[in-house]
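The structure appears below as structure tokens.
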Amino acid sequence: MSGVKQRVPQIILTVVALLLIASAFVARPEGGSAPLGPRLLAIADQEFATWFSILAVFAFLMGGLNLVATHLAKIRERGPDRFYSLVTLVSFLVVLVIGTAKLGGPPGLQGDVTAPGSWLTAVFDAVLSPLHATLYSLLAFYIASASYRAFRARSLESSLLLGSALVVLLGRIPAGRHLTAWIPEPLAFLRVEELSLWILRVPNTAGQRALMIGIALGVIALAVRMIAGVEKDPRSGGDGS
Amino acid sequence: MNDRCDRIASWLEGLDRRWIFLVLAVVVVAALLSGVSSPDRATSVVQPIYDRIENLPDGAPILLSLDYSPSSAPELEPMAEALTQHALLTGHPICYMSLYPTGNNMISRVEERIITREFPQAVPARDWVTLGFQVGGEMLINSLRDSLTARYPTDVTGRPLRDVPALRGVRGLGDFGLIVSLSAGQPGLKEWILYAGDVLDVPLAGGCTGVGAPQFFPYYPLQILGLMSALKGAAEYEAALARGHPEFTAANQPATRGMGPQSAAHLVIVAFILLGNAGLLLRFLARRRSP
Amino acid sequence: MSGWFAPGTWNIALVGAFVCAVIVFSVIRSRRGAMVAVRPLPPLLALDRAVADAVAGGRPVYFVAGSQDLDNMQTVAALAVLRPLARKVAEAGGRLFVPTNRSLVMDNAREICRRAYLDAGRADLWRDDWVAYISDDHLGFVARVDGLIARERPGLCVLMGFFASESLLLAEGGHHVGAVQIAGTASAVQLPFLVASCDHVLLGEELFAAGASLEGDAARLGSLRGQDLCKLAAAACLVAGSLVATLADVTGAQPWLFLRDAFLNVFRAG
């Protein structure tokens, strides 16, 4: 029975993956004269996207239920974090209700839940948006402290890194442009904004491409292993090969 | 002397990060309050996007995918606003969509700030249409290649797409005059390149956060015609727009205004990096002098 | 077969088929007993010591499998690292917390960890709520995880998989509490942040090799060899293509022009 439980998902994975790969290389049918194969593959391609959306809904449900169960348990256990759990649960339920009931917005199934004036939009503007902005802005502080620690001219390589960091930092602001505006036109490529763009377009692109080729091959290798059933099922304990 | 160098070097090496946070905060707030800003000019990476919209055939629609959440809005929203103004100034209908769950709200903000306030004469469905967010990322893009109605039978207001004049002549993604993805991460511009730009004969451009920019330069200029990176990219686009459409100069230019505080932040980071290296130099000098 | 093939995709099909064939061939060869030597990855070598130190200090281990769902290959690669890590922590008798921001990842991670504790004979230690779903919103997720890290003060933080802006927020959180940090991502733009804040980092494709390298089964190691052969082929094509393009431009001779166009046709993007 456990063999069947392992094999059926593997068969589904292999078939769906091969169909999706094939559909990428098969002509899109134009009109009714197209061969049956391409038409079926095009239908499968469209249908998989719909199934993906349906699966995503179930994933949201599973996540929501787990969130409620976890935080309810924490409140029941009266742990030190129970007030955070209470805030989480209340926020979750309030947003769920005003979003599902489309409070304040155009009613009906087709009504836009994010229309101006809807309660969900109010929550978005008054709570989510500033919270996101606050957390994201922490990056600026962390980048500053990480740069302070990391950019030290300890070797030739780290000195090159430091030099390019300074050029890019200055080249991305108008103040940097003013700094080297005196350089005459024939030597304009030495101006900091031009150097900054050059660093991004040439050495950076070369490095990124090398990384991208390696990563793409890594992704393909992993995908081949999964399709062929060679990769261990992440949930299996033993040798799944 | 050596002792003092060593002490300063040690202090600099162990500098509490909260000092860095404090200086950065004070300088950025001061720059924000002072309102200092400096107009920019479009570089060769941003200018092609502007030129493409200027040279689109009359009435060709533009697809604008706002693939970001409120966190990256300060960098990407000014791009969305400038592109919207440019499209409406040149008479190209805009079609908004998003690969992010918070995308509908991001679209609403642009509609309210730009279309409602600056273009009150604009007519919904004729000058712009909002398809909104759908789940799926690259799967969504893939399924829109042949037909928009496959996943968007109606716009967000419930109007069937066949009744939307802005999308007259548009069947799938390939029928847009230009697709622009303003991308904060995944799914975003990369997925648009792989699943739309590379497989359809449709011009594609992008905007991204500052952190994300390096990964998109390999795609320029063959797979994307232009790239706006971070606030600087948006400020460059605003500069191109102000130069080509002087009426825009009077309009709100959030990216150009934002470059003042951003410049200040960059300068603080540069100063701290130099300070850190000064500590290293002091340590080196102290070691060389010590017997 | 007319009307079957999409115009303009033959070159991608050709290159894709070549890559897949080399990888499959290498897997088969390796399964038949061909030895594959894998360069030890320093971040993985540091894992044993870091787990032992964390457990000895009574501090938990944190594992974050990126911020994407199971449809992202980096998440799958991260879960392949979680399995041996969970076993190591279980064998050492430690606590392993896995906060996730996708429910499907949570479901898989929970099963992996439960099984690892069971296999290590430490099922008595395991608690299901050590693997928890936090939020799909990546910043909400980071806020919660950073809060947990600040309160629990883990001895080891392992960050594997796809990360966006949250990489630095998570890594700085761990750095601040003095945890040993081992990271790995194929998100090239996040690598600098992780390198600046973490002790050991798996760079790019090393993430996809990590699971195979830790568990060392023949088939998966074989695919790594295939991957490397393809990389060699890619490098050879890059050098040859650059030479041919240069010669075509300099000499303008017909054979070089023909070869350059052939290269461009095979490797064009779309």
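Order of writing sets the labels: A, B and C. Residues in every chain begin at 1.
To be clear about the criterion, a contact is a pair of C-beta atoms (placed from the backbone, for glycine too) under 8 Å apart; a residue touches a chain by one contact, two chains touch by 3 or more.
A quick note: this is a predicted structure, and the numbers were derived from the prediction, not measured.
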Chain contact graph, described as a line, ring, star, complete graph or other shape: complete
Chain occupying the middle, per Cα centroid: A
Of B-C and A-B, pair with higher C-beta contact tally: A-B
Between chain A and chain B, centroid-to-centroid distance (C-alpha), Å: 16
Chain B-chain C separation of Cα centroids, rounded to whole Å: 28
Shared interface positions of chain B, touching two or more other chains: 69, 71-72, 211, 213-215
Residues of chain C whose C-beta touches two or more other chains: 9, 136, 139, 165, 188
Chain A residues counted as touching two or more neighbouring chains: 28, 132, 135-136, 139, 143, 145, 147, 149, 208, 212
Contact footprint of chain C on chain A as seen in their complex: 24-29, 33-35, 37-38, 59-60, 62-63, 66-67, 70, 73, 84, 131-132, 135-136, 138-139, 142-143, 145-147, 149-150, 208, 211-215, 217-226, 228, 230-232, 234-237, 239, 241
In the complex with chain B, residue positions of chain A that touch it: 28, 42, 45-46, 48-49, 52-53, 56-57, 106, 108, 110-116, 121, 124-125, 128-130, 132-133, 135-136, 139-141, 143-145, 147-149, 151-154, 162, 165-166, 169-170, 172-178, 193, 197, 200-201, 204-205, 208-209, 212
Contact footprint of chain C on chain B as seen in their complex: 69, 71-72, 101, 184-186, 197-200, 209, 211-215, 222-223
Contact set on chain C toward chain B in their complex: 8-9, 68, 72, 136-137, 139, 162, 164-165, 187-190, 269-270
Contacting residues of chain B [partner chain A, same complex]: 15, 17, 20-21, 24-25, 28, 37-40, 43-45, 69-74, 102, 104-105, 107-108, 112, 132, 134-136, 139-140, 142-143, 145-146, 150-151, 154, 156-158, 210-211, 213-215, 217-218, 220, 230, 232, 259, 262-263, 265-270, 272-273, 275-277, 280
